[in-house]
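Listed after this line are the structures, all set down as structure tokens.
Each of the next two complexes has chain A plus one more chain, namely chain B in the first and chain C in the second.
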Partner chain A sequence: MSTKIRRIVAGVSGLAATSFLAGCAKDAPQDTWQPKGTNAKIIDDLQQPVFAIAGVIGVIVTCAVIYCIIKFRDRGQAMPEQTHGKPALEIGMTILPALILAGVGVFTFRTVFDLSKTSDTQMVVNVTGQQWWWEYDYPAQPEMGITAPIITSGQMIIPVGTKVLLRETSRDVIHSYWIPALNGKRDAVPGRVHTLRLDADKPGIYAGQCTEFCGLSHANMRMETVALSKEDFAAWVANQLTNAKSPAEKTLAKEGEGVFLNQCVRCHQVNGLKKADGTPAIAAPDENVWSGAAPNLTHLMSRNTFAGASFDLLSPKCRADVWGASSETVGKKYLAGVSEECLNQTDLRRWLRNAPAMKPMYADPAKLTSTNGKYRGMPNLGLTEDDIDKLVAYLSTLK
Partner chain B sequence: MFTPGSKLFLGLTGFVIAVSVIYVALVDSSVGGAVALLSVAIGTALLAGLSLFNRDGEVAVGDVAAPAGAEPLTSSMWPLVATVGFVGVVAGLLTHPIVFFLGLIALLAAGVEWLIQSWSEGASSDKTYNASIRGRMLHPLEFPVLALVGLGVIIISFSRVMLAVSKDAGAIIFIIAGAAVLFVGSVFALKPSLKKTLVVGVCVAGAVGVAASGIAAASNGLRDDLVKAKKEHHFSHKECGEEEGEHFDHLAEGTISLRSNVVATIELRDGKLTARELGVDKVTQTITFPRSNDATIIFRNKDEKEVRLTAFLGTKAVQDGVVEEVLNCTQMIGIDHEQALTFKIAKPSMASDKPYTLTVPGLEGQSIEIMVP
Partner chain C sequence: MAIIERPVTTQGVEIALPATPSRAQGGFKRPVATTGWKSWLFTVDHKKLGIMYGVMAMFFFILGGLEAVLIRLQLAAPNGKVLSASVYNQMFTMHATTMVFLFVMPMAAAFANYFIPLQIGARDVAFPRMNAFGFWCILGAGIFINLSWFFGGAADGGWFMYAPNSGPIFSPSHGVDFWALGLQIAGIASLTGAINLIVTVLNMRAPGMSLMKMPVFTWLQLVVQFLLLFAVPVITVALFLLSFQRNFGATFFDVSAGADPLLWQHLFWIFGHPEVYILILPSFGIISEVLPVFSKKPLFGYPFVVFSGAAIGFVGWGVWAHHMFASGLGPVSVAVFSISTMAIAIPTGVKIVNWTLTLWGGKLRFTAAMHFAIGLIVLFTIGGLSGVTHSVAPSDTQQTDTYYIVAHFHYVLFGGAVFGIFSGFYYWWPKMFGKTLNEKLGKANFWLMVIGMNMTFGPMHILGLQGQPRRMYQWTEARAGEGFFNLAFWNQIASIGSLILTLGIFLFIVNVIKTTRSKERAPLDPWDARTLEWMTSSPPKEHNFDVIPNVHHLDEFFHRKYEQDPVTHEYKQIATAEEILADQEAHADKHIHMPSPSYWPIVLAATLPIITIGVIYSIPVAIVGGIFLVLAMFGWALEPSTAPETDFDPPASEESTKELTPLV
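Let's turn to the complex of A and B:
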């Protein structure tokens, strides 16, 4: 073997080995090859053999091309005999791929129909996308213990082993909901409602990412689905059905409630929060935000991410403890919420200090003419450090 | 000094001014009539000026004689059209923008035509050649515009007829008119030897007939049910309570709702109102929508009379201390028919003293609650 050929073989082998090893990432929460739910497994059952078939064909074709390149390279030999037409070969090379594609097509169609099945749905969640976060509202479903609607954002909580139907839509532009471990992706389109079925085999936190380019912070539009055991799910529901309690008088948190009423309630709803005159404080994101909605913060500290699941509410150590927990313990750890010790004060304070600096958003008042002055994302509220201290204290009470 | 033509127009100008003074003094002191008459006076004054300027178009002694063999110039209607356009522009400035724009169009068209015609008539001493180059310049503009105007007149005239006669007569007229066009068109196609004058005559007679019918129908007004429906505001669909009107679009539900993307189907059957949400295979009395997002539902009437579905979507302050309910509703839906209804609720349920509901006016004790978390 000549030096040149040895170099080529070494290069190709190195490339192949690198590609192969790249598939061995330890921390790959959005790996499509590790299905954790029925529909994801249905997809996996199709993609594994299709990938194998395509891989074999790819290897054969690549080897044939390389063989021909080397074997018949120009070495100054005489022009070989020129022939035209090999009917048997041509027909065979047409029929064989057609048969392979037809075979793949049959299983693909069957998979598509299997994935669209919704008749045995056990629970429904309305999923609404907007720039750049996801909102989840749970209609009242007494059989699931949900006696009144629940609203949350960033992290969707589902009971394990339950067939959950997502009714997806969008308030502004097209987004796409994708939790690779639980199912394929489905677009959330303004004015339309698309359905997607999820279920999880085991308790755990399953990460996802908006997969339809939706503007400036598309890359920061993340989401998680948290699967809890049925008992843990019931506990989560019971907590979500409660209203926020006002902090004790003469505390920093109580002062923070005042700041919240002054600044944040223009967009963010906290159920149970009352104004000074005792009437409920109702947020008006429809008057201030282009999409017409901002996350409901009633139980902010019951979820462990914020700002479209872009940032952790948990400190790195506590996060590793929850996200790395086994399926037996993850529920308890998740339900513990964000304690004072575990609160990621650094990121939360940075966010309150200047949100657009952390996550690109259309929040410059001078550049909002196309949206009639309404924000797309959270603006810089110009809070003082004193206000931020108070707000952090208040937000910490929203368990 | 004054030519006969200019004298005529100056006289007319003086006469119209006098008439306008008398009109204002004795008949109507409002501005409208006087403006119209004075606009005419301005037009005739302009024509008087033109006549004076070109000496009524006569060749004066001492002018260069026409070349031998030159044919006399044709008369032109464009000065008259330009005058009418000018009058329209002036009158439009004082009365209505439409008059102004029609006048402007007439003025511009006359200007272009007059310009090209004058240019072509001086191009050579051959009148036929001059006419041909004028045609090459203007026919690509004239024919499409004339076709557009002609078709517009026919379409508007025919629509006036259809709006004036009863629904049954309208159907008959439509069939007869369609059959007549098909028949005449077939005859023209099958008999290419027909005289051109006959073909033109039939077409012109048909067009004039349609236009005349349209004018007669327009002056007669809309048929009674359309007049009443207009008074009942059914075209803008303002009725959300029990139907008190008589004339409305009974087929509004159509079939478009079948293709709509709906989050729930509301059904009225045997006096009971039920809902079925997308993806949930059971009936319910409560449906849940996200806030601040368009939601489309279908209302299906399986009952025994025409009804409508009304959505109560909260309240809004219309002025200090005055609050009114926000309602949206379908039109009256016939038996076994359906209609889509799209609405948006910006605030959660907790923002409203009364729950958001879907009800059927006149049907007591039946409602679907809309929950907005």
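Let's turn to the complex of A and C:
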């Protein structure tokens, strides 16, 4: 009998395990079982045995129930003994799971503290969530080559093999920063600063998604962490530290700069942009947007997504080329940015034409009484097709 | 108050009834109808109220189910267009709110109301009018919350309604107001119900029924009532803070005013985690009745099941922050709550072991009720084990807020709570309505639900582990991965599964209609049951028992039917249910003193939505509602618990057994 049970257990558990593993997608970008950094690996090492133990126990219980169903069905046998239990067995069955859990508990305890360490930090990025995009601000860290603060959004760039500490907060509601391949998630809570360790073993683009429900467009609040080799990272930093150059006179892009100065600069900063009178154009999103921030667009074309990393700046073909690149080539391809021929004109134009139609936002001026008329997200600016042509030409120069 | 004295006679001397005022104080006559809609509207009978709770819960189950189907249709394909972002957010908020507060809780209350008095050999609950008040409150709450659909949109912050997203700035529609105030009313129902049932169980058990001879269902429901008694005040406070923030400009969760939004999370989950046990323990109780009956064995390790239930009731208070492992609590809190969460797996595991060992060596009859009960063991075990993986905090930071946790709690709540409830339907239907649900349809119902539920929620484990977050109105192919079994495939399977599940539940409704139309009466004791509720007619008389039984054993009814031969140790039947009932009827108590119907519970309950509507739209309306509330309370307080003779039409004579059937 016991060998029969053992065979059933082995058979069912084998079947369950293989069907589960075979049933998984290949290369799902947010797969939690494919760790690509130290922290995610620590978690994975802890959770795999727990999943295995849980799986085995599940199979044993299922088999025991199936055995009872087969063995003890009513075949006209006599009324069974009216036994009320066996205390020794009961106590044993209480202690056994307690012991298993105690073992799991010890390792969990250790891992929790390992993952909360901040003493070995090599680099810091301030990560701020707001409806519905992430802003990254790199404080000046000369030892990392960051001689002046850098502000970017959507995609966070880190050097490989470097222990990065994120300091997360939020400007409105609670968001959660989650790059499954690199670490678990951590909420970004307004009024608090939470830390999260992050590092990547190899260069690559690691996908993530805001995982604390943050209102209307929660589904459209994505992000990526891009790990670059140390040299590529230095190149990226060097580029980010430069100001945007004004396009040559009498080009479409120059006209686009005018449109930008008319419309976009109310919220979006472009470092180095000057007004017609030569004074610096300073964005004042706090006057228009509830969270008081809008993405800095100085190096828009150095990132390959926009609008909370929800839409691609790269055309599908170019995107596949960059995202599918090996860890050796991904850095160069990423640093190349978005070229004229790779630009995803369709989505960018649709966005400029009517942003709330692409990504639901609170941007209808008639319905903003609760926020004193301030937008949450980008409104429809009523740009003409002409303006859009000019703007696209200008934005393409923001490398 | 209308505590029914036990009509016990000591040495044949009848105890005198208490004197009641000779005139009702309310200015009008009491309701006395025993048939027709009035007999339902003004009833204080725990059985009628139980049925009304059940009907209401079933209605909201269907509503919440339709909301779930819409969610699955939206997610069946990438970039779903069935619902807009705004409507989708309302949909998942209301799906959870409906299923938790308006289906599982009232359905558990339905079973508790109907069967606790019967199981402990009482004639009603301790406070019958308060019982009716509780029902009218929850019904009002359900209607009120759902009215928001027609007044600018339902709540859209998720059922956890995290601050500051729930505040007036980020959720400007009135949906959250309806939600918060409606749940306050539901909370009143839960609190009055809890106090009522605790007093009933502690004070009104039949003579001889010590606590350790009490049926397990009643025991676990008692634990649930204590959980409600202590958990509901916490959410009440939280909801008051939220309502004051939204309607009166308070700043409890306003960060710019120095608040910490985590306050809401702590309050919500200090309620929210015990709530999980409030949802699941009634079903544990149901199958702890069903498994022994259809195994022809007592529950294995009765004291262990009882004490582990009580242990869950205690430890359940120390695990709330496991909902917040990603919130940034710091490593000490995370580690401690991780360990306490593992600890609560132990008493839960004990139950699974005991149920399995109840089957072991039994004589199993696979009725529909038994199908659902066994289904619960397996499905709940899966949910429990994925819960254990969640208790490992670092692992949880990967899986929380993904579909993995959606899978987890649906295995626990659908595979657990809902399967238990369906087991209860099939088991107790003949008791409640005198007719047995069709067993063939019942088994088809079971299999469709098992297949549908595993197809719907099983793939969600994979979806979550492969990184699909929850609460997203659309998912994108860019994150769905490659290969045939990519996330798109599993999303499709889940959506198809939800339709199969719907079909299964539809079969149940067909079964109910078919059974109601059928003329075939159920036998008195169709399952060869073990507990007191089966020792009376089906459906039970208004006063439940002609004679209050004297209890000598756990599983008293079994021991009245069977006797063990002292030599052969075999059990032989010594009496049938019919004989036992006939014996009771022959010795029926003469003066059975039942509480009279009353207008006040429904009147008082009706004032609450007036107040809450006033809070949202116009304070004078709330004040008017408040005045009616106070008047109704006085009317209630001045009304005697039993109707005086003058209230009957024609006036009841001295000799009539007026308490039983005032107007025939």
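Heads up, the rule we're going with is that the second predicted complex is superposed on the first by the 371 of 399 C-alpha atoms of A that agree within 3 Å, B and C clash if a C-alpha of one lies under 4 Å from a C-alpha of the other, contacts with A are read in each partner's own complex, and residues count from 1 in each chain.
As a working rule, a residue touches a chain if its C-beta (ideal position, glycine included) is under 8 Å from a C-beta of that chain, and two chains touch if they have at least 3 such contacts.
It should be emphasised that the depicted structure is a prediction, and the values quoted were computed from it without experimental measurement.
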Query = Should the pairing of chain B and chain C on chain A count as a clash or a fit in the superposition?
reply = fit
Key: Which of chain B and chain C A:Q30 touches, first, second, both or neither   = second
Request  = Could you look at A:P280 and tell me whether it touches chain B, chain C, both or neither (first, second, both, neither)?
outcome  = first
Request  = Applying the touch criterion given at the start, work out whether A:P360 contacts chain B, chain C, both or neither, answering first, second, both or neither.
outcome  = second
Ask   = Which partner does A:V104 contact after superposing on A: first (chain B), second (chain C), both, neither?
value = second
Ask   = Which chain makes contact with more of the residues of chain A, chain B or else chain C?
value = C
Query = Given Cα centres, how many degrees, to the nearest 10, is the angle at chain A formed with chain B and chain C?
reply = 60
Inquiry  = Just checking: does A:L335 make contact with chain B only, chain C only, both, or neither of them? Give me first, second, both or neither.
reply    = neither
Query = When the two structures are overlaid on chain A, which partner does A:G191 contact: first (chain B), second (chain C), both, or neither?
reply = both
Query = Between chain B and chain C, what is the shortest CA distance in the superposition, whole Å?
reply = 8
Note = Overlap of chain B and chain C contacts on chain A, residues 190-192
Ask   = Can you list the chain B residues touching chain A in their complex?
value = 261-263, 277-281, 286-294, 296, 346-351, 371-373
Remark   = Touching chain C in the complex, chain A uses residues 20, 22-33, 40, 42-43, 46-47, 50-51, 54-55, 57-58, 61-62, 64-65, 68-69, 72-74, 77-87, 89-90, 93-94, 97-98, 101, 104-105, 108-109, 111-113, 115-116, 131, 168, 172-174, 176, 178, 180, 183-187, 189-192, 194, 207, 209-220, 290, 360, 367, 369-371, 376
Touching residues on chain A, where the partner in the complex is chain B = 118-119, 121, 124, 126, 128, 135, 137-140, 148-151, 165, 167, 169, 171, 190-193, 195, 269, 271, 280, 282, 284-286, 291-293, 296
Request  = Spell out the residues on chain C that touch chain A in their complex, using ranges where they run on.
outcome  = 84-86, 89, 156-158, 162, 164-165, 168-172, 255, 258-262, 295-304, 326-328, 330-331, 334-335, 338-339, 342-343, 345-346, 349-350, 352-354, 356-357, 359-366, 374, 377-378, 381-382, 385-386, 388-389, 391-402, 459, 461-462, 464-469, 471-475, 478-483, 485-487, 489-490, 554, 562, 564, 569-571
